[in-house]
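In the two assemblies presented below, subunit A is common to both, partnered first by subunit B and then by subunit C.
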Partner chain A sequence: MQGKHLQGYAFLSPFLVLISIFYIAPAILTIVMSFSNLDGSFLWEFVGFENYGKIFKDPNTLLILRNTILYIFISMFIIVVLDLFIATLTTYFIKSDGWASFFKSIIMIPMITPSVVYSVLWIWYLDASDAGFINSVLRFFNKDFSSINWIAQYPFQVIILAQVVVSLAYGAIIFSSAIRSIPENQFKAAHVDGASEWEIVKTIIIPNIRPHIKFIIMWETLGLMTNYLNILLITNGGPLNRTEVWALSAYHKAFIDQQYGYGAAISVLLILVVFMIMLLWLFASRTRKESEE
Partner chain B sequence: MKKTLVLLALSLLLLCSVYGAGAQETNQKGAEKQVVTLRISHNMDFTTIPEAVVDAAARVNARYEQEGKPITIAFEKDYQTIDWTEYQNNIVFAHKINDAPDIFAMSDPAGLIKAGLLLDLTDMVKANSSKFVENVFAAATENGRVYAFPPDLPVRVIYYNRNVLKTIGWSDAEIKALPKRIQSGEFSFEDFLSLCKEVVDKGGAKYGLTHRPGAGSDFLDILNVLGGQYYDEKGSLVFDQQGLTRFFKMTYDNANVTKITPPNLNQMGWTTINTMVGTGESFAYYGPIYSCSYVASAAKLTNEQFAAQEEFVLFPASKYSSKPFVVAAPQYIGISAKTKYPEICLDLFTELANGSSDLLARHAAKINSLSSVIAANSDPQMAANPIIKDVAYLADYAITVPSIYGISTYRSELFKQIVALELGQTTPEKAVADMKVQIQLNVKDVVFK
Partner chain C sequence: MAYQNLTHSERKKQNIAIAVMFVFIMPIVFMFIIFFSLAFIKDGSLTLENFSFVWGEMKLRDQTTIKSMLPALKNSMIFTFGVTSSEVVISMLAGYALSRLRFFGRKTIQTSLLVLRMFPTLLLLIAVLYVLMALHIVNTLKGVVLVALAFRLPGSTFIIKNFFDAIPRDIENSTLVDGCTRFSGFRQVIIYLVKPGIVSIAVFSFLSAWSNFILFNTLLFGNKPRWWRPISVH
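Up next is the complex of A and B:
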């Protein structure tokens, strides 16, 4: 048995080495960098906790933190609910595999579209001018309609919508597979007992796929925390800082203002939060396993 | 096995001899010539800059031949079109691994000077000082030493559509006289803003005044017009509260009160704005003259057609500034401090400032810019350019800006507030206060005024 374990570790070791080189070492370097005032000339000069002090002194920090929390929770909630809805619809209600696959393929399009193309489409849809797609459509129905500057007036709603659309496919497919693995006799028994469809969803589908829901919640939380590409390309964090989120703020400080040390300090705090969430997840999984045993 | 090894050794020997022949040529007199391969790197569209260096090398080669110098200069070219910050970072990293190009373009000389990556050009510049337009080295000078070479002298100006003035009833004589009135100080910036309003009110153009849709130095020129200071004589960043308040108030009013600027301008792309300017939908625009080739192209006009409709003028004086001006903002190229051939690289720059100034004229004419070398400005290629042939006088009003520590943060914070002001989402006073906090936090050694 021990030999089997050793073999397992031996197979894992190349990946551990790669992870150490490409993830752990850069993370350590980022931590070191966060104590320097490294700028465009790339000269290391250590400044202690100055960058961390700056984060707490910056009046925008609270706003960025609020944006990040709202962005994560609202997006995640909508994504998980819609994922469940789509998965249930395409796996439980639509019995035809062909139609279900067709529908799932459609929702995968935003996910497989390169972010730049996807963001340009959003910008074109929501263009503030009369030539903007949505403005044109609305004017077609109402000649007196005056164009709306969608991105500037509703920036937060726009980035959430864009993120939700792009994130739908992954969770929907995971939930779909999970629903498919529920033994058919559970549904049959429920039907025999006269359960309504809503009761079946509530008492059979959701309890059976609970671990998958937890996984998607964690997956989306981590993704939303660190992924800022669509926000960068659609609103660039603006107007002012209305859509600036934590990870994007690290990018702006490091790569636009060329304050690499400051950007690194912002990233380190993000790494810490991500690390804590992963620990909590591990702890919760272990507790669940113990209680099941 | 032995045979294979011998064959392999012979092949290697042959390969080495072929390579050696490539690196060394034999001239007619029989002396061995060393081929010096310089690596030249450039970023973005204006490849006429590195091509001027490459073509100057051909002339230097001919001179070396005459002088009996056994050297031939060759080039390895690396032209890119990536973000400037990324490009400049790559230059820094290339230096760190001793793989830097010998000659390269740059966006921010200050950062490279601070990192000690640029060869000191002071002696070459001093020896040729009479050849250059005054002050063209300002942004590349640190503690009196010069570190980069300006291949051109683009100026940032205001440009407006003459046809629009005709549409609102101006006579030909009035239209022709306007640049002179600005030059003399009789027609102020306040008058210009009123003219933009008049144009919109009378239906001459949809918008009166537009600008770039991203952070940049163009806004600093208007701040300057309104008496706002952003650097001092030592090159330190200055936060001028009163000047900024005036600038922000003007920005807010243009978009929300007089409505001469579209409030959603910053959500539009470059092409939309260029088309607006080129077609006369926007009466006036401020920015570098070389942008006009993009404007003309967006409006599907030739340079000649665009020159026929457009006037390029000085930034007028305002009640807060003493005289009209333009801002000269040369691009820069530099020599790596780690190059193995500093003398040869310096020879190339010297050649450009002297006998090969026509190559710089070729570049300047191509991008619709003035040249940093005096002789190039009187070159026939410049006189043939429809855009710049009539604007040489602007050089007399050119001011240059030194290298300022923290200016990129200042520009980016300024633009953030401009976007919000034009959208009506903040007030001038709040914009100043918010920007002050960010500048205090992010830039060291700022002079608050």
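Up next is the complex of A and C:
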């Protein structure tokens, strides 16, 4: 028996080594770091809960928290509604596979674009000068239109729009394969009974894919909470912290201000929230399985 | 669903839906087409001149000079190739063990795989920087490759494990009966049965490695290898 265990670990060893050095160890280190005031000189000095106290005293914390919550809820709501809309149109109404996959692949373009290129695209699109694309299009229709600095004036709307466009594809694909697996005779029965299309969407499609909707809500919440790449590249939290979100502020504190301890403390709080959502999700999916059995 | 047996009203609804979707995707398509076509246009004519920074120095209109991108391109290629190839090999070994072999702690690793897969890796960057320093591979391409690899492994192992689960056990038992060891059976027979899985993790890994930016931005400082951004040049 001993050899059998060893064999398993022989196969797993490269995986376990990499994961424990670059995944588990950093996770533990983040927690340890959050109790120290580690900075650019990398000297360990433990200060207890001082970093956490600092977070609550920081006048910007409230603004950042508000931004984060607004950003997550608004983007998530738009993403889920649009995903349902796209999935219903492409799988239920459009019966031809060619058209459906054509539309789905167009939706996927922003997702597979590298995020650097994608952000540059938005910056160029909303450029403040007269040469900016949106500004020149608007001038084309209205001769005496004065250029708007879109990113400076509407930073929050811009990052939500950019994030929504890039996140659409994942949910749309999940939803559309879920809709495809609904038995065809449910739709036929509804048609025979004279149900309108809106009633079919409301009483057949949405209840049938409810677990998938829950999954996408959880997934997008986690993604929006922790993925700050697009915000970093488009507005960098600016102007005046108007688009600074929680995860991005950890990045700024650690890598720009070199306050690694403080940054780690901000990350730890976020990781706790992420864990709570994950536990909630695991618990919900377990009770669902039990109630089905 | 075959196209022929649609009723009249169904076809009408499909046409309306197609029209709606067209309106919906129009902005996205336009945005990308206009943006990328700019790369080929200079002073109103169609050229490849905008790409000359790839092989040599290039002067912009405001007199700033851009260095050749060849070293950056080389670094990107080494990085992408390194991450993709080792990710495929390591996650296959791990996925096979988790799917087939019985050993102590297997259940724990399987559950933790799920958690790790959803874990926000971007939040670990601060501590990862410290780990790299402790190992003396900070500010090197090697270090970034290892980190990128570790961050992507749980996801790809999970995918390939499901492919291994789908192979019937009898095939494997017959390789063992015919005198293969676990590893030679794995190498000579099993690998060929999970080809679609290998392709899918290789494609995902390639895409994410090629467009990776945040790891370079945070983990390498000072003499940064410039990242591959052809279009931003214009």
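Here, the second predicted complex is superposed on the first by the 269 of 293 C-alpha atoms of A that agree within 3 Å, B and C clash if a C-alpha of one lies under 4 Å from a C-alpha of the other, contacts with A are read in each partner's own complex, and residues count from 1 in each chain.
Here is the rule we use: a residue touches a chain if its C-beta (ideal position, glycine included) is under 8 Å from a C-beta of that chain, and two chains touch if they have at least 3 such contacts.
Since we're looking at a predicted model, the values are computed, not measured.
Asks: Should A:143 be classified as contacting the first partner (subunit B), the second (subunit C), both, or neither?
Replies: So A:143 meets neither subunit B nor subunit C here.
Asks: Looking at A:255 after the superposition, I want to know if it touches subunit B, subunit C, both of them or none. Which is it: first, second, both, neither?
Replies: So A:255 meets both subunit B and subunit C here.
Asks: Which partner chains sit in contact with A:226 here, subunit B, subunit C, both or neither? Use first/second/both/neither.
Replies: Only subunit C; A:226 stays clear of subunit B.
Asks: In the superposed arrangement, which partner chain does A:289 touch: subunit B (first), subunit C (second), both, or neither?
Replies: A:289 sits against neither subunit B nor subunit C.
Asks: If we overlay the two complexes on their shared chain A, which of subunit B and subunit C does A:5 touch? Say first, second, both or neither.
Replies: second
Asks: Return the chain, subunit B or subunit C, that is in touch with more residues of subunit A.
Replies: Larger number of subunit A residues touched: C.
Asks: Which partner does A:42 contact after superposing on A: first (subunit B), second (subunit C), both, neither?
Replies: Both: A:42 reaches subunit B and subunit C.
Asks: Going by the contact rule set out at the top, does A:247 touch subunit B (first), subunit C (second), both, or neither?
Replies: After superposition on chain A, A:247 lies in contact with subunit C alone.
Asks: Overlap the subunit B and subunit C contact sets on subunit A and report the shared residues.
Replies: 42, 255
Asks: Within the complex, which stretch of subunit B touches subunit A?
Replies: 85, 88-89, 92-93, 96, 108, 111-112, 114-115, 263-264, 267-268, 272, 408-409, 412, 416-417, 419-420, 423, 425-426, 434, 437-438, 441-442
Asks: Quick one: which bits of subunit C touch subunit A in the complex? Just the residue numbers, please.
Replies: Those residues of subunit C that touch subunit A are 1, 3, 6, 10, 13-14, 16-18, 20-21, 24-25, 28-29, 31-32, 34-35, 90-91, 93-94, 96-98, 101-104, 106, 109, 115-116, 118-131, 133, 135, 146-147, 149-151, 153-154, 157, 182, 207, 210-211, 213-214, 218, 227, 229, 231-232.
Asks: Which residues of subunit A touch subunit C in their complex?
Replies: The contact residues of subunit A facing subunit C are 4-5, 7-9, 11-12, 14-16, 18-19, 21-23, 25-27, 29-30, 33, 38, 42, 86, 89-90, 93-97, 99, 103, 106-107, 109-110, 112-117, 120-121, 124-125, 133, 165, 197, 222, 225-229, 232-233, 247, 250-251, 254-255, 260, 263-264, 267, 270-271, 274, 278.
Asks: Which bits of subunit A are touching subunit B when the two form their complex?
Replies: 39-43, 54, 57-60, 127-129, 149, 151-152, 238-241, 255-259, 262
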